[in-house]
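Next come two complexes, and both contain subunit A; in the first it sits with subunit B, in the second with subunit C.
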Partner chain A sequence: MTGYDVIVIGAGPAGMAAATRAAELGAHTALIEQGPEPGGQVYRPLPSQFSAGGDAHPGDELREQLRSSTATVLAKHAVWNLADGYHVDVIGPQGTKRLQARTLILATGTYERFVPVQGWTLPGVIGLGAATVLIKSQQVLPGRNVVVAGAGPLLLLVAAMILEAGGRVAAFVDLNGVTDWTARLPTMLSRPDLIWQGSRWWSRLLRAGTPVFRRHVITCIEGENDVAGVQLARVDRNWRATHREARTIAADTVCMGNGLCPSTDMTRLLKLGHRFAPELGGWVPEVDENFRSEREGLYVVGDGAGVRGAAAAPLSGEIAALSAAHALERIDRDQLERARTPLVQDFRRASRFGLTMSGLTTVRAGLISDISSDTVVCRCEDITRGQIDDAVAAGCRDINQVKAATRCGMGPCQGKMCGDAATSILASQVGSHEQVGQLTARPPFRPVDTKALTGSFDYDDIVMAEHAPT
Partner chain B sequence: MNDDLRIQGAVFRGRPVRFQVDDQWIQSYEGETVAAALWACGIRHLRSSPVMAAPRGMFCYMGLCQECVVLIDGKRETSCSFPVSDGLRVSLLKTP
Partner chain C sequence: MSDASFDAVILGGGVMGSAVALRLAEGGMRVALFEQQALGAGASGVNAGTLSLQTKRAALMPYALAGHELWRRAGARVGYRETGGLTLAFTPDEAGALEELVEQRRQAGAPIELIHGDRARELEPQLGKPIEAASYCALDGYANASLTGLYYRGLLAEAGVHVREAQRVETIDRESRGFRVHATSEACIGTRLVLAGGAWLKQAGALLGISLPIIVRANIVSVTERMPPLLRGVVLHTYGRLTLKQKPNGTFLIGGAWQGEGDPTQGPGRVTPEGLIGNLRLAEYALPPLARSRLIRSWVGYEARAPDVLPLVGEIPDYPNAYVIGAVLGGYTIGPYIGRLLGDAVLGQEPELALFPPARFDLAPAGAN
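Then we have the complex of A and B:
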């Protein structure tokens, strides 16, 4: 078993910054990343076999700082289990191993929130996050004629990327209206660079003549074995689809998403306290101003502690690394405070912008009410909204009761795709998210090949227990 | 959706490789994932769902949703995180 002072899980902006800083402060540090290279989803680099003309890529600076630090980067390693101590079970190209650390910094980011709609399971429907990675990292267009739908800043980014790469956006379908955006302008002014970037994307859409539908939602995605088109409708003041201005639009691909949810499977497994904070993306683990949890030596940083965006994430990672280095007696209180103060100020500023953006994606009750009873909610197990409603009618009040009664959230994705929607459906009937709770997390976090866990063995290697005395 | 969705002119891709999907040979480039290579040539229906046998394909592209799972050289793998290489044998998990 290999031991470290600090293990950081997840090499997005928060994890890269945390590992770099911890290593710089003299802690023996490892950074674990499931992907082939550090970057996370937001800074996912081109594959090493691809080459672009010398353009710098966002995230290169963080990657460079990490590379020149003494932190050990374990890429292509997925964490499948965590235990007290802290033990970290990983599976990588050479099989499984158990690592141990005094301090654990979780930087596992988010996954996308989806509001299920009729037809969202068809091939040709992908997440907005999927679209960004497909375009920037694989240099593949999502489609020729694409509907981009949902809420939040990713919508505009994806639409602009598709146009830039030579695709057509068949419809830009934004849940929010102009006033929902302009209400946020005062906070957005703190980042003129991002406003400038956003307006460049907008003018791209305008120049392309992209049909824009504000305060609209997709009510149905049509097609047999692939996407053929979508039906759209305007939403009313309660965010429910109206049948006024309903229309059908032909398309070959749909990119959809309603913001990001903090990835809490590890903090749930470690039984941290969580609170429901819609403005932060949903359930978030309880951490203090140093991102330290109630458990000694356990930190949660970046969007996994609440969705504040890619500018705030590395700052939270650095703050946690400083606090950890102090706890490990690598720096004294003076050094801690001196380094920490400017970071905290920057973090607060960056968070304001990020929080304003995630505010555009909070789940509106009307969207949940409108999920029809024959719509599949749990993709893994083919569980419909109707089956969830039946379980509620039969007396289920907790999300884990619904899981036991229906298998919703029990499939190989472990509720990562349906958990948010299923709990929102239940909460809308029971009363609140606090009453409904969260799905219980269990290892393995990802499907793991059993053969990789057991290794190879012969019959003779199996230890037989002695018979009990009769 | 049969034409190539690879974005032209922005980058140089890796060495050309060929791999097999069921009975069909696919042209791809080193550095691509199996899912992206299939998507680029219009193969998006990768599997059938377990209960309804409904068509499914790549969805989250982050290794989470498990919708892009196919058999690669006989093992179940998420094709969105599996790199292509020469001679790979991919079987889709569609039920007839």
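Then we have the complex of A and C:
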């Protein structure tokens, strides 16, 4: 078993910054990343074959700092199990291994949130976040004639990227109205760079003559074997569909999304306390101002601790690294406070902006109540809203009861796609998210090849320590 | 003083607590059932669902046969499938042990036959080599343990049992009218008390002031992604360390009581790499195409055992009208039946098969003497 002072899981902005800082402060540090290179979703690097030569890329600075630190980067390593202690079970190119650390910093980011709609399981429907990955990292357009729909800043980014890359945006469908955006202007003014960028994207949309539907929702994605078009409706303040648009908008692709949910698989498996905080994206682990959990030596940083955006994430990583270095007696209290104070100020400022943006995506009740009974909620197991409602009628009150009764969330994605929608549907009937709870986390965090675990073995290698009583 | 009163109060809403409750309601009693989580949330709902006579102790075979029959009658409501099952022996030593086991179980009434390894591969062509010997039982199969809660919730409601889920019992006081039970936000009085807490039986006993000799085990269960049809029935191992079945949806369910870790009072148990890898290797050795599968989920189900690996089912000595039921090896299969047996005893009738009175153990708490 390989031991470290600090293990950081996830090499997005928060994880890269945490690992860099921890290593700089003298902690023996490893950063574990499932992907081929550090960067995470927001700073995903171009594949090396695509190298355009010399062009600066967002995230390069964080990557460079990490590279010049003493932190060990274990890329292409998937964490499949965790235990107190802290034990980190990974599968890498050389097989399985168990790592151990005194401090564990979780920086596992988010999933996309989807609110299911008729037809969202058709090929040609992808997430807004997935679309940014396709375009940014693979330089592939998601489709030729694309409807971009949902809520939040990713909407505008994806639409602009599609146009920039030569695609057509068939419709820009935003749940929010002009006033939802303008109400946020005062906070947005703290980031003139982003306002400037946003306005450039808008003018790109306007120049292209893109049909813009504010306060609208997709009520149905049509098509037999793939996407043919979408139907839209106006929504009220509660995001309930009110007035249906008469015509269908033709499209071959739909990019949709309703913001991000903190990824809590690891914090749930470690049985941390969580609270439901819609403004932070949903269920978040309880952490203090140093991002330290109730468990000694366990930190949660970045959007996984609450969706505050890419500017706040590295700051939270650094703050946690400082606190960890202090606990490991690498720095004294004075050094901690001196380094911490400016980071905390920057973090607060960055969070205000991030929270304002993610507030645009907080799901309103009408969106959930409008999910029709025959709409598939759990794509892995083909479970409809109607089946979830039936389970409630049969007495199921928490999300794990619904899972057991219907199979919702039992498939390969383990509820990453449907968990948020299913719990929201249940909560709308039972009363609150707190009553409904969270899906129990179970390893592996993502499906793993059985062979990667079993390796090569002979029958004699199978140690049956005991036989069943006869 | 205005707490509702019942003829019997049951602690624990797994298979056994539910089965006792149903029997008592059938016998005309007013019954309350308190469950700290949800019906079937413990071993009853998270075990691998195997209904096999080949994994049962000979001493419990008559109970297993009767329990199996009750699951058969529950049918589609619990996803019951009678597929037949094979127990495999991979070495000459295992073949010798299997022969002996089959003989014991046959004598106890189970329709199990010893077959040639080649015959086993005819039945399940995807099995690996070598198979030294095997046994077959046509009655073996499985049910879907995930449906336990839903199944009993329906039956208990129909029977008029007062079911309180998410109600953790915090105190039990003995008084003249019976047992006063205080749960999270409710209280009631039961003339009779039944402790059916599964892996939490020790804590339930402590509320009454007794020390039940419960050993908790943390059994690992795993499921794979869907695969093409590879296996028709249930596959088991001579030493009882494998249960393997392919569900109708194509997923494989892998069990065999390999040990994880955990303490039932601290929430769900933990899967350990050693336990999981051992279990998966044995499964892959039996069925080599599993090497191509992907594992999607592993978990731990807590199971209670007594030191002599026999059930604790009967009246609690020195506590008239208080009963315990649990620590049944193969409790998923046997539970519905043994619950009815205890129900008969509580109703004052003679059970058709013997109970397993806890009086064989000293139940005085440590330091009480």
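Going forward, the second predicted complex is superposed on the first by the 456 of 470 C-alpha atoms of A that agree within 3 Å, B and C clash if a C-alpha of one lies under 4 Å from a C-alpha of the other, contacts with A are read in each partner's own complex, and residues count from 1 in each chain.
Note that in this section a residue touches a chain if its C-beta (ideal position, glycine included) is under 8 Å from a C-beta of that chain, and two chains touch if they have at least 3 such contacts.
Remember, it's a predicted structure, so these values are computed and weren't measured experimentally.
Enquirer: Let me test your reading of the model: by the given contact rule, A:P469 touches which partner, first (subunit B), second (subunit C), both or neither?
Expert: Second partner only.
Enquirer: For A:A393, decide between first (touching subunit B), second (touching subunit C), both and neither.
Expert: neither
Enquirer: Tell me which partner A:P412 touches in the superposition: subunit B (first), subunit C (second), both or neither.
Expert: A:P412 sits against subunit B and subunit C alike.
Enquirer: In the superposed arrangement, does A:P443 touch subunit B (first), subunit C (second), both or neither?
Expert: second
Enquirer: With the two complexes superposed on chain A, say which partner A:L453 touches: subunit B (first), subunit C (second), both, or neither.
Expert: second
Enquirer: Let me test your reading of the model: by the given contact rule, A:Q34 touches which partner, first (subunit B), second (subunit C), both or neither?
Expert: Only subunit B is touched by A:Q34; subunit C is not.
Enquirer: Let me test your reading of the model: by the given contact rule, A:K271 touches which partner, first (subunit B), second (subunit C), both or neither?
Expert: In the superposition, A:K271 touches subunit C alone.
Enquirer: Taking the superposition on A as described, I'd like to know which of subunit B and subunit C A:L134 touches: first, second, both or neither.
Expert: In the superposition, A:L134 contacts subunit B only.
Enquirer: Tell me which partner A:G166 touches in the superposition: subunit B (first), subunit C (second), both or neither.
Expert: The first partner, subunit B, only.
Enquirer: Once the two structures are superposed, pull the subunit A residues common to the subunit B and subunit C interfaces.
Expert: Subunit A residues touching both partners: 411-412, 447, 449.
Enquirer: Can you name the residues of subunit C that touch subunit A in the complex?
Expert: It is residues 38, 40-41, 45, 55, 57-58, 90-91, 101, 104, 146-150, 153-154, 157, 165-166, 223-225, 239-241, 257, 261, 266-268, 270-273, 276-278, 280-282, 284-285, 290-299, 309, 329 of subunit C that touch subunit A.
Enquirer: Spell out the part of subunit B that touches subunit A in their complex, as residue ranges.
Expert: 1, 3, 5-8, 10-15, 29-33, 36, 39-40, 44-46, 49-52, 54-67, 69, 75-76, 81, 83
Enquirer: Touching subunit C in the complex: which residues of subunit A?
Expert: 81, 83, 89, 96, 98, 271, 391, 394-398, 400-401, 403-405, 407, 410-412, 414, 440, 442-444, 447-451, 453-455, 457, 459, 461-464, 467-470
Enquirer: Show me the residue ranges of subunit A that touch subunit B in the complex, using the header's touch definition.
Expert: Within the complex, subunit A contacts subunit B at residues 34-36, 41, 46-52, 111-112, 121-127, 129-130, 133-135, 138-144, 165-166, 224-226, 252, 376, 379-382, 411-413, 416-417, 446-447, 449.
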